[in-house]
Structures are given as C-alpha cells and as structure tokens.
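When the chains are written out, they are named A, B, C, D, E and F in that same order, and each has its own residue count from 1.
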C-alpha cells in the first residue's frame, strides 16, 4: 500500500448514494431495505476504497444530467442512421478511420468521452495514443472527416471539459 | 420437447466423451467441461422437465422438482473444482514433462525415437 | 392492464427486438471486422434498452409498485458495452484484420497499431 | 500331561539366542539349548503313559470361525517325532556352537534354528489340521532363513528361494486339501478327522484331497518330481542340513502321510501314486547319489533315496510296511544326521567337501573317520547297525505285496538294485574320503575337530549301534506306540529281532551288498556312462523357469499396461458401455406414459445452438481458443436452458461458473500450445473412439428421454411442503442446499477448498516458459492495462459487490445464495486483476486467499456444530421472525450464516485458484518454499 | 443430546476442523506445531473410532440424522459394524501415515497435514453415509484430496501418474452422476434404505433402466476399486507417489469395494426382487481375472512399490470373490481379509519408503546395490510383511485366505477360486522372496551415507505391523466381529428399521 | 396482443441469435468470433427478459443482470488474451 489512508466513514460519498439507490431499486423501497441498503452503501466503500484511485468530482450536476440526456438522444438518432446502413447494400458504405485530437487527458473524462463515442452507433473508439493526445475512431460511414471530428469534440469533449474542469 | 432435450444431452455426452478420448490435456479439459454440461443437464432432467414453475414457493400449485436442481448445483460446484484442478495439473504436466500429451510424450516423438534407435 | 400500456409495451418489445435483429444482421453481413464491430453496440444500447423498458413497465403494473430493476441492466450495458467494443477494436488492430479496400485513412489504423506495438515497425 | 507345554517352550526360546548373543558363544549355545532340553524332559515325563497306549489331546478355541483351535496331542507318532526333533535339535545346537565361525551371527542362527524347531514340534503335535498347516508353513519360512543364512552366497540365496518356492507351493496345496477335508468331515480336529476315514474315502472330494495332501507331502519330503530343491538346500550351513535335511523338515512330509494314513491310505489310488513315486524316487536318488563329488550332495541324494524308500513303504498299503517305514524314519534320521555332521567336520577341518580332493583322511582324523564309517555302514544296511533292520523289513515288505499282479516281482528287484546303489555310494563315501591315497589341493591340513564338536556324532553313532544290536529293548516300545498311533487299532505281528534266519530279504541284502561292491569297483565305467548324459543343474533350470515366467509376465503386463491414457479411458468407456447397454436392449420402448411438452421455435434454436456449439468444439478442438469460444457459447445456452426449465438458481450458478471456467482456461491456455499438435493417432482409433462416444451418447440420451417421460414418485413433495415451515425459506432449492441436504453442501465447499489448496500446491513447483509471441508469430501488444478497461472495471467494483450482497441476501427465499454471490465477488476481483494487474492488487489487497477459504469453512462448520448447543444434530437449522419498529418483520436464520461460510469459501477458493495462476507470470508467483 | 450422541459424525468432523485449524496463519507456517496437532488429532480419531465400534457392538446400529431431518428426506449417517470397522481402519492408517510423514516427508510440499485430514474426512464420510448422493460428495472429497496428495513432493513420475489418475477419475465422476440421475429418475429417492425398499416395487420398464444405472455404478466403483479392466491407473499411481500417501491410498481401493458391497451386494442384493444380484454375473469373471492379472503383474514387478501396488490389485480381486460368493460367511471372510490386506499393504508401502531412503539411487528396484545401514531391522519387517501378504502363518494373511477358501463351498466356484487364490499366493511368494533376497541379500559393499530411518518412521510401521499378529492372536474376537458386520450388512436395513434405530 | 408481441419479439431475437451463431462459425478471424459471442450474450439478455414477460415472472431478472455483468468480463478476458496472451499480469 502506498501510504496508510486515514479512515473515513464515507470514503466515496457519490458511490454510497448510488449504491443505496441501486439497493432500493433492487428491493422496491421498503423500510427494512432502506436501513440494510444504507449499511451496504457504507460498508462496501470501506472495502473498495483501497482499490480506487483519486477521484474527480463533477463541477456541475446539472451539466452531468444534460450530458447524459444528450447522449441518450444521440444514441436513438444515430441508431436510426446505422439501421439504414445495415439494410442498404455493403457497397454504399464508406468506412474510415479518423484521429480525434484530444484536449482532455484525465482518465475518467477520457473514458467517458471514448465511451460516448462508442455508444453512439456508427463510431467506435479504437485506440488511444500513448501520449493521450489522439483518439483513433472507426466510422461506419464517413461523409466529411473534419466535420465529424468537430462534431465529436464539440458535442462530447467540450461538455466533459466543463464538467470536470480539466 | 423431451426428445429434443434428450438428443442434446446425448450429443453433448458423445462430444465430451470423444474429446476425453483424445491425447492432449487441454483437449481433455475442454471435453470434460462439455461432458459436465451434459451430466448436469441429465441429472437435472431426471426429475422431469417443467416450464414456468420454479421451485420458489408462491401461490402456485405446481412446482418443478427441486431435488435434482439442488443435486445439480452441488454437481456444478464440484465439477468446477475438479475442472480447475485438472487444468492446473495439465499445466504442471506441461511444466514437468515438457509437452502436453497425457502420456508425457508425444506419440510421434516416441515413434521417431524408435526409428532412430 | 390498460390497453394503452399493453400497446406501449408491445411496441417497445417489437421495436427493441427489431433493433437487435438489425444489429445482428449487420454483424452477419458487414464486409469487414471493424464495420461488424458497430453491430453489438446497437443491440446493447437501444435494442435491449427498449425491451428492458417494456419489462419494467409490465412488471410495475403487474406487481403493483414501481419497478426500476431493469434500468440497472441498461446502466450496466451502457457502461460496459463501449469498453467491450474498445477492447474488441484493440484486438482487431492487434490482429491486423483485413479491412475492406474502401476504408479510408487506413494509415491511421497502422499508426494506432504502432502506438501499442512499437517493435513491429 | 506335561506335553501341552512342549511346543511353547521352544517358542519362548526363539528370542533367547538374540538376548544372549552378546555373551560368550558357549553361553549363548547353552542358553539356547535350555528350553528345548526342558521340553525334551517334559516329553520323557509323559512317555510312559504314551507307551501304555494313551493318547493325550487338549484343545482351546482360537478362531472358531475358521475352525482353528489351539490344540495339541501326544500319541506315539508325535512322541517319536518330538524326540527326534528335540534330541537331534539339541545335538545340532551343540555341534553348531563349534561349526559356526566368529563371523557368523550366532544369535540369529540359533534364533532361526529354534524357530524351525518350534514349527516342527507344532506339526507333529498338532491336533488341529489348520494348526498343523500353520506350523507346516512356518517350517518353510524358517528353513528359508536357515538355508539362506549365508546370504552373501548366491547359491545360498537361490537354494533358499527354490526350497521356499517348492515347499511353499506344497503348503498351499496342503491348505486346499485341509480345507476340503475339513469341509467333508465337518471338523478340523484330528480326533474327529482321523476317525472319519470311511467318510472321506467315499466323498467325491477324496481324489482332490488325496492329490493335494500328496503334493504337500511330496514337496516337503523331496519326492520326485519335487526332489530337486533338496540338493541345492545344501548351500546351508551343515548343522542346518544335519537337522533339516536328515531328521526333521524332510520328514514332515512323511509325518503327514503317516498321520493321515487312516484317512487317506488303503485305496488303489493311494497305492499307485504313493508307492510308485516312492519307488522312483528311491531309485533316482540312489543312482544320482553315486555320481556326486560333493560330500553333502551325495548325502542329499541319498536322503532323497531313503525318503523314497519310506514313501514306498507307506504306499504299499500294508500295515507291516508302514511299521517298517516308521522304523526307517528313526534310523535314517539318526545315521543321516551323524553323517551330515561328520561331513561338516570334514569340511570344517579340511576346507573342502569335494571327494576328488579329499582322500586319505583316515590318517588325519581317525576318530571322525571311524564314526563316519560306522554311520555310512548303517546307511548301507550292514548288519548290527540300525539301518540294517529297517532295510530287512523293507525288503521283506516288497516281497509281500501282490498289487502289481503278475508284475509284482518287479518291486523287490528294483528295491534290491536301489539297495546295491546305496551300498555303492556308502562305500564311495568311506573309501574316497578316508582312503584312496593322499588329499589333493586342500587349503589347510586336516585335523580332528574340537572335542565337543564330535560329541553329537559320537552319541548318534552310539545310538546306531545300540539300536542295531538291541532293537527291541531300545526302540521297541516307541515304535510300537508310534505304529499304534498311525493305525488307530491293534498292530499286526512283527519282529524286531536281528536274526530272522536265512530268508529272501537276507538274500536280497546279500545281493545288494555284493552288487554295491561291484558297482563301486566299476565306478569308472559308470561315471563315464553318467557323463554321457547332460548334467542338469536344477538350480539353473529352476531359475531359468522362473526367469522365463517373469519375462512372460512382464510381456503380458506391458501389453496390458501400455501407459496410454487413451487406451485406459477407452477401456473405461467401453466397459461402462458393456454394462449399461444390455438392459436397455431389452427395453421395448423408452417412451414413458407422461405427455410430452409441445415443442417451440426458441427451443429448436437453442437445441441447434447446443448441437452446433458442441460439434464446433469437437471439430475445432485443435484450435484451442476457438474451441474455448464455442464452449462458452454452449455454456451460455445451457444456462438459459436451465432458466427456461424453471431452474433460475441453476442458471445463475452455471453462468457464473462458466465465466470463471473460461477465465481459468484462458489463463492456462497462455502456457499451452495454441494449436494441438496433430496426433499420429491411427484412423482405426479415431473410428473406435467415435463409435464408443456415439454409443454412450445414444444410451445416455435414451435414458434421459426415458426418465423424463416416466412418472416419478419422488420424495420432493416433502421438500416443497416443508421448506417454508421447517426450513424458513421459500426458495426450496436453496433450503435443500443449506438445510435438508446441507451436509452435501458442507462436503461440496470442502471439495472446493481442497481443490484450492491442491492447486496452490501444484502451482508452487511449476516452471513454465512465457511465450513472447502468439501462435501466429505476432508479438504481444505493449499495452498491459488498457486505460478504459481499468477505469470502468474500477468503477464497477462497488456495484458488483452490491449485487453479490443482493444475490446473497435473497438466496433463502428467491434464486441466489452464497455460492453465486461468492462467484460474483470473485469475478469482480478477477476483473480488477485483469484490468490492473497483480502488482496493483498486491499493493491493495493484503490477505492470503487460503485464509479466507479456511474462514469460510470454519464458519460453515461452526454453524453446523452450533446446533449441538441446542441438543440437535449437526447442521440443524434455526430461524426466527423478528419484528422491529419501523423496519417491520424480518427473518433471522442460521442458514444465512452457513451460507456466509459458503460465500467466503467460494471467494477464497476461486481467487486462490485464479490469482495464483495469474501470478505465475509475475514476480508475485509462488515459490517452492512458500506454504 | 449429549456429546456422546454425536459420536457418529466425529470421524467426519474431527479431520475437517483440524484441517481448517491447520490452515490458519499461526499454524500454517509452523510445521512442528502442525505435526503435534495432526498426530494428536489422529490419536483422538483412533480413540473415537474404537469407542464408536464398541458402542455399535453393544447397542447395535447407530443412525445420525443430519439437520434433524429423518430419512429419506435428510441425509443420515449410518454406523453399523462394517462402516465403523472401516472408520477404525482409516483412523489407524491415518495415524501411521501422519507419524511416518512427520519424520520429514511432510515438508516436501505444502499443506500435507491439512490434506491428509481432508482425505480422512472424505474416506470416513464415504464409509458412514447412508445417502447415495452424499456418497458421491464424499467420494469427491476423498478424490480431490488424493489428487492433491498424490503430487506431494513433486517429480515427473508423480505428475505423469497423477494426470492419468485424475482424468480417469473425472470420467468416473461423470459416470457416477449419470448413474445417480438414472437411479433418482426411477426410484425418486436417494437414501440407501429407501432405495432398497423401492427397488422390488419397480415396474417393468423402470426395472431395466434402473438396472442400467446400477450397473453403471459398478463401473464407477470398479474404477475406484481398481478391478479389471479399470485397474490400469493403480500401479503407476501408487508406486510413484510419496511413501505416506501411497500407504494411505491402501484404503482407497477398499472404498470402492465397500461401495460395491453396499450397493450391489445389499441394495441390489438378495432382497431386490427382479433386480436381485444383477452385478454377480459380471463380478465373478472380473474377480477371477483381476486376481489373475494382478498376480501376473506381481511376478513382473521390478520394484518393491510396483510389486506392492500389484498386490493391492490381487487383494481387490480376492475381495471381489468374496462379494461374488454372496453369503454371510464369505462376506465375513472378506471383511477380515480386507482389514488384513489394507494394513499389510500400507505397512509395506511405508517400509518401501524406508528402503528407498536407504538405498540411494537404486531406490526400491530389485538390483544390486550397496547394503542398507539398517538392513537388519528392515529385513525383519520385510519378512513379516511378506509373510502376511503371501498369506502364510503366523500372520493374519493366512487366516483371511483360509476363511475365504472355506467360504467357497460350491464345487464349480471352488474349482476356479482355489487355484487362483492359491496360485496368486504362490506367485506372491516367488516375487516377494526374489524381492527380499535382492533387496537385502544381494548387496555389495557398505553404505554409510544413506539416511537412516527416523524412530518415528519405525513407530509408524511398527504400529501397523504389530496389528498383523494381533489379528491372529485375537483372531476369534476379530472374526466374530467380522461375522457381526457381515450379518448386519447382508440383512440390510429397511427405511422403517432405519428410522426406528434413529429414534 | 402482448403475447403476440412477445412471440414476435422472441422470433426476431431467435433470428438474431441464429445470425450471431452464423458469424461465430464462419469467423473468419478469432476477434470476429468474440464479437459474435458478445452479441449473443446481449441477445440472450433480451431472450431471458422475454421469457420472464411471457411467464409473467420476475424471477429471471437476476439471470439477465448476471449475463450483462459476466458477458463483459468474458469479452474483456478474451480480448486481453488476444492482446497480451497473459490476461492477469
């Protein structure tokens, strides 16, 4: 262990809340489970805390929700797009690789960014360069490379940068 | 339904046994895993097949036979322990004997050695 | 169960499964590995989410109280699917799988590959 | 009534020499002799009563199931033999004191000797057949030790082994005979058996019993064709030969024939087999003895010949012949023992036993020479010596029988010829050793032995003379009572006088003597004649025979145990097939009376997936990774099948186990060749395997089908009815696992724990090379821990744990439970290993997984024992519904604690297995020392 | 319930808890503490086993209903004269083996003592259980422990033999489950007594299916028992594993035999209606062939441990004969012989270890080598054991052999059994006398460097060897007990009787 | 209507599964096969949910949840294997 961590009752407060909520979802909100869920929400972070690295804290919770909502909408929309491609002939496909230059490099935002790219059908994050400056993305159907790069950076990277402030 | 189920069990058994009759440890482990799937399905079916009536008490009248399920659970766990041991033993065999044939020598090595001498 | 809810659930189910089928069709027919890689993300996002939502609504009505359990599965899939796709893509790069000739910027694939395999230059 | 202690005294004496070994040699000998001497006195005390015709017997139960009792008898026959055994035994002890050199371990020698003496006494005094056999085998064992006493000598080892093999085989035959006889008679007590002659002879088993007994007797008494071991037993120290091969062991066979005379003798079969064997042995021994250059060899063959003579007498089926036989047993024992001792003295004092070297010893050791000459005269049957008397009786008896019909004259003629040879070899013994010029090439100058070494010979020779001159007064009563004991009824008239007048036997003696002298004089021609035949060395032949047997056995064993697992597996499968197939062939239809469930498309798709997946696994089994993928497909479909058929618990378990197995196999695959080397299996093997696998598959499928379609009256109703009320849970499967059949689960987690320990143990010594490239020759990627995977895995961990807690808590009432929860936790942790590596984890998790396993097992076991406090059996469950304000009613159950034990065991075991395997490639790996 | 009432489960729980305790940190790394605890536990087990034996002898069969659920719904442990006897035997072997290994063999690999304990737990559980699926579970416990133990000390041969042993037994376990499924599918129960009750009531079709299942079980047990043609794994496995493990394994084949007795001798025995004695037509030839092939292999053996392994096979054949004869007398003879052969073989394996230790590179092979420093005492023990194994007086072998021969009363049976058993004895005699002469007598020079045996090793062997004459001296009581065990076994137990006893 | 919808959905998912199996078998590369298995995991989640809907039983939920969790672990293990050979290092 790097150094002895000071004991804290709530080493991972966000996680604790999430865990408590999940427990309630799993047990349909009964009194007993509110207590039991709280127990687990407290105990599990104790166990897990040594296993997690330094965490980033979101600056704005509203933006997180907005980001999530936008992502969900994008998923639906691009799903329609891809469905068309699937049902068309293979010959009309124009697959391509693109390299997206990165402004963020903290692990968590980077992960969220890459995941967002992958989640929207039609693009998959393929590889991250060693220096975390480039994200290589495979595109199912590429019309305009620069436009797509801009779109991705604008829609996903910029909000993440704001949220995590990096 | 029963017929299809039985055919699957029989087929998996045959495949598992066939693989267990091969000569390399890893293949044997795969065969063993396949065979234990078949065994579990067989043991499970010994109490008959039931659809839509898990043995979890509720207002239902009709339940699947819980005993074979309990037996299969035990069998799965034991099977896992055994498979794990077999895999590691196979690795040990490769480490100690230099190859992964069940008899410690590749048959063609043996043939070649015989021809040489 | 009201007819409306039944209709909603039914539509969600059929829609979800159509999406999933389309994803699998894509997996079956797309010309190369990287294009095929896009298919499961489809299934694991929208397709399964629709079916899960249908189930959620159905059981909320059936059990008589709010049932959100299925969101948990969706959540898991949303978190894990992109990482799985990413890992698969990395594996594809590493395997130097054949790409269709029409793929643009193939040099980028090679560049990405060399990031992780500098010895293979 | 002192006799009962006789067999026990020497038994106690077995350890005496070992204890007194450190004292002086004389003290050791003296101490050794003490108890046998006491036993001899006891016999003498009982002797008058025996002479008066009394038969003592006493019996104590030992192993009644077996029919074995501690049972001894003393009648004339046993008295006679006991006297020989103890008397000559004492003389041999004295003799051996001087014979053995400083180098020999005297204590051990005496120990074996007394062991042998005990065994012999046991044989002759037993009143129970099984006990008799008990001692019979002991003689074989102790004689093996005695013959092989000089174990550095190859001849001694081989001779000992041969003697043991032959007499041991005979012993086994005798056991069979005794058991058959016991079953026919219904008792093993000799008192009963000896009076059941009629019953036995009418029994259908008579021939078998006779044959088995005769094999026993003939092997022990060195009768043809089992005679060959005796000459090779001469590798033993001479005291042993003097004791075993003249007076005692070889006489055991004779004793057996005499003892069971009333039961077995008197039939045509007895006569033909016994007398002809005896006759042939008599001639063979006498003839061969003449040509032996080795002193002891000559004596050995002469012994064979004399034993043949006795057997022939016993075989003649007349009572007088049997009396003669008994008489000759005594006489032969006395003169042959003295001759062996004399030969031993000669060997000891001149360094050689070769008659071609030994010449003219008369000058060097006149007293010994005189003694030896008297004894060999007795052996030749010279009047006024004991040998003469019994020989006369023998000749007389050969004349008296007519069983061969018109060819009956042949027996006396052959007997005379044998007599002539016996005279010839006795002459050779005397002339070649004591006269015939000067010794040639001896290593030392011969001289008389120490004073007391000669004493035993002197005593024996004196007895020869005494009996020879005054037979009736010395040996008469003993012979009479012994004969009485053999026949169990009044004796016929016989006369022990020296002089019977001029009669045919005397004439035969005369002819034999003259013939013997003639033979001896013409020995050069005879030697030449004998030299024309190949010299068969029984030892070489026997060893060769055994070697050939061993070779053959090795060939057979190599054929069977080829060391090929494929063959063994095939045997197992084929054997199983042979066992299960026949009953099913009789089955008219496998379909039972239950209606079948209608088929639907989803099931067909699942079936196709299963079949395709299995087939693909087999077809691609060479490409191991692909086979693994196919396997995981099959596993997935199997899980869904369980879910479909109302077994959610099974589905969950199968799923988690499947993932763990896949990870395990992937971990292992790194160290294996990625592609199975193409095996040079013969196509016929392929077809063979395919056939047996398909047949087993068909049969298992059929049985499966039959089971599903037959109605079943099972005990499951009880579980459904009592799960809630008795077990406190609604998930009946889980209640069965933790309560009704909790003991199975207890065993099952033990298996898991042991497997983890075993795997830890197996891994600890593993040295495997890491591959730098994959099987296509690609270098591995440099990216050890992909960033995205790491971040996501880490953030998923608490959720994973929460879900495992969820699965754990609900297990008792809904699908789930400790096992699945444990696997989920393990998988979550394994995912961390996968994403972050061993080092990273080692820094953060600092427990040995086998302690977790042990804690889990301890919790489960302690829960089980907990019920003892409440006076209930192991694993009795307890549950209670508790109500708290606001929270409401909830259940507390001991089953949950038990399940917690399961949970920890699973985590410990799974992680111990997977993590130790993963660590193999890192510096955290186990080393040999680690425990 | 007092502690005394839980006695039946002690033979399973003592080794379990000791094994678990041995795994905890304070003991796991302290070999001396482990030894003391393990030996003490074994002594305790011997005491418990014999107390249980006397309890069964005086009070009759003991039934222990686990979880307080009565048969056939719960699992019951049934301690009758036979099972308790086997438990005693395993306790004695366990003690001897632990003592022997404490001289240093336990240090040659990890977890020796815990694994031995688990092994004993499995063996005892298999003997005591009255439930067929629980039997499977305990089979697996003892098997997995044996897999791990077999490789103790390491080495190529061990690995090679273990691979064969493990994979064959894994198939065996799969077949076991197939058989169990079949039996459950027709009989609907798992308790031995209940199954026996239901077998005669089966209808025609089910009868044949049940027969298939029962015969499949024969293959499973036969594999464990190493009967022909499933014996191939044994010689290599037993002769290559470490000494103390091999000695403990002497009882493993007997577990197979025991199960055949329970299942095919009793459950499918005389009272099984149309399925009565279905295994006998198979067992007869197999028994005789096992003896014959075992004896041939005995003759072919080139080292003491291989020889001893093959003697184990012969003893298996002999026991199968007693099962085949199927009378109380034969069963009691078989039980006596079983005790004898297990002890004698185990002791011989231990002795082979000492011999191997003292002969340097020659190990226990029958070749000329330098003399052993302790040849005298070793030779003496060898002679005793050889005598016992051949079946010669004065040690217990002859009693067993004679009892078996006596029990074969039928002439046509006797015609085969007598020559085979006696012939096998003769071959053992030839082989062992050759072995003894070459190991102890054909020597050249002195060997002063070899490791002398540790007194505790001699104590272990002595513990076993001394039992052999005791079994003759007290042959009466011992064979009486065997008779009792055989009678109880053959009489069988109905569910009703079982539950009456349990009250 | 709902039951028809379920049946239709079921049929569609079955088709999807069959197509996945097709990809699994023809490959051509190992990564292709891994995608196929991964997709099958997801399709089986749908299948199990449909089964629960069809039977009106919530008891299959945990199965779906577990497949979602474990499918990811399995796929990442396979990929790690392809990339590094050594999945735990």
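Just so it is clear, a contact is a pair of C-beta atoms (placed from the backbone, for glycine too) under 8 Å apart; a residue touches a chain by one contact, two chains touch by 3 or more.
Predicted model, so just to flag it, every value in this text is computed and none were measured.
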- Query: Within the chain touch network, how many edges lie on the shortest path between subunit B and subunit D?
  - Reply: 1
- Among the remaining chains, which ones contact both subunit A and subunit B? D
- Message: Starting at subunit B, how many touching-chain steps does it take at least to reach subunit C?
- Response: 2
- Message: Please identify the chain with the largest separation between its CA centroid and the CA centroid of subunit C.
- Response: D
- Which chain has its Cα centroid closest to the overall Cα centroid? E
- For the pairs B-E and A-D, output the one whose chains share more C-beta pairs in contact. B-E
- Between the Cα centroids of subunit A and subunit F the separation in whole angstrom comes to 22
- Message: Quick check: how many Å separate the C-alpha centres of subunit D and subunit F?
- Response: 61
- Between the Cα centroids of subunit E and subunit F the separation in whole angstrom comes to 49
- What are the residues of subunit A that contact at least two other chains? 22, 26, 111, 114-115, 125
- Query: Touching two or more other chains, which residues of subunit E qualify?
  - Reply: 133, 137, 140, 144, 147-148, 151, 154, 163-164, 167, 171, 178, 181-182, 184-185, 190
- Interface hub residues of subunit F, defined as touching at least two other chains: 10, 17, 30, 34, 59, 65, 69, 76, 78, 80, 82-83
- Which pairs of chains touch, using the document's own definition: A-C, A-D, B-D, B-E, B-F, C-D, C-F, D-E, D-F
- Contact footprint of subunit B on subunit E as seen in their complex: 133, 137, 140, 144, 147-148, 151, 154-156, 159-160, 162-164, 166-167, 170-171, 173-174, 177-178, 180-182, 184-185, 190
- Note on the structure: Counting only contacts in the complex, subunit D reaches subunit E at residues 61-68, 130, 133-135, 137-138, 140-141, 144-145, 148, 151-152, 154, 157, 160-161, 164-165, 168-169, 171-173, 175-176, 179, 182-183, 546, 549-550, 553-554, 556-558, 560-561, 563, 565, 567-569, 571-573, 575-576, 579-581, 583-584, 586-589, 592, 699-700, 703-704, 706-707, 710, 712-716, 718-719, 722, 726, 739-744, 747-748, 750-751, 753-755, 757-762, 764-765, 848, 850-851, 853-854, 857-858, 861, 864-865, 867-868, 871-877, 930-931
- Item | Residue ranges of subunit D touching subunit B (in the complex, touch as defined) | 563-566, 569-570, 573, 594, 596-599, 603-604, 607, 610-611, 614-615, 617-618, 621, 624, 627-628, 631, 634-635, 638, 641-642, 644-650, 653-654, 657, 660-661, 664-665, 668-669, 671-673, 676-677, 679-681, 689-690, 692-694, 696-705, 707-709, 712, 714-716, 719-720, 723-724, 730-733, 736-737, 740-741, 744-745, 748-749, 751-752, 754-756, 758-759, 762-763, 765-768, 813-815, 819, 909, 913, 917
- Message: Quick check on the complex: what are the subunit C residues that touch subunit D?
- Response: 76, 79-80, 82-83, 86-87, 90, 94-95, 116-120
- Task: Would you tell me which residues of subunit E are touching subunit D in their complex?
- Result: 1, 3, 6, 9, 13, 16-17, 20, 23-25, 28-29, 64-69, 72-75, 109-111, 114-115, 118, 121, 125, 133-134, 137-138, 140-141, 144-145, 147-148, 151-152, 154, 163-164, 167-168, 171-172, 175, 178, 181-182, 184-186, 188-190, 194, 205-206, 208-209, 211-213, 215-216, 218-219, 222-223, 229-230, 232-233, 235-236, 282, 293, 296-300, 302, 332, 383, 387, 390, 392-394, 398-399, 401-403, 405-406, 409, 418, 422-423, 425-426, 429-430, 433-434, 437, 440-443, 472, 475-476, 479-480, 482-483
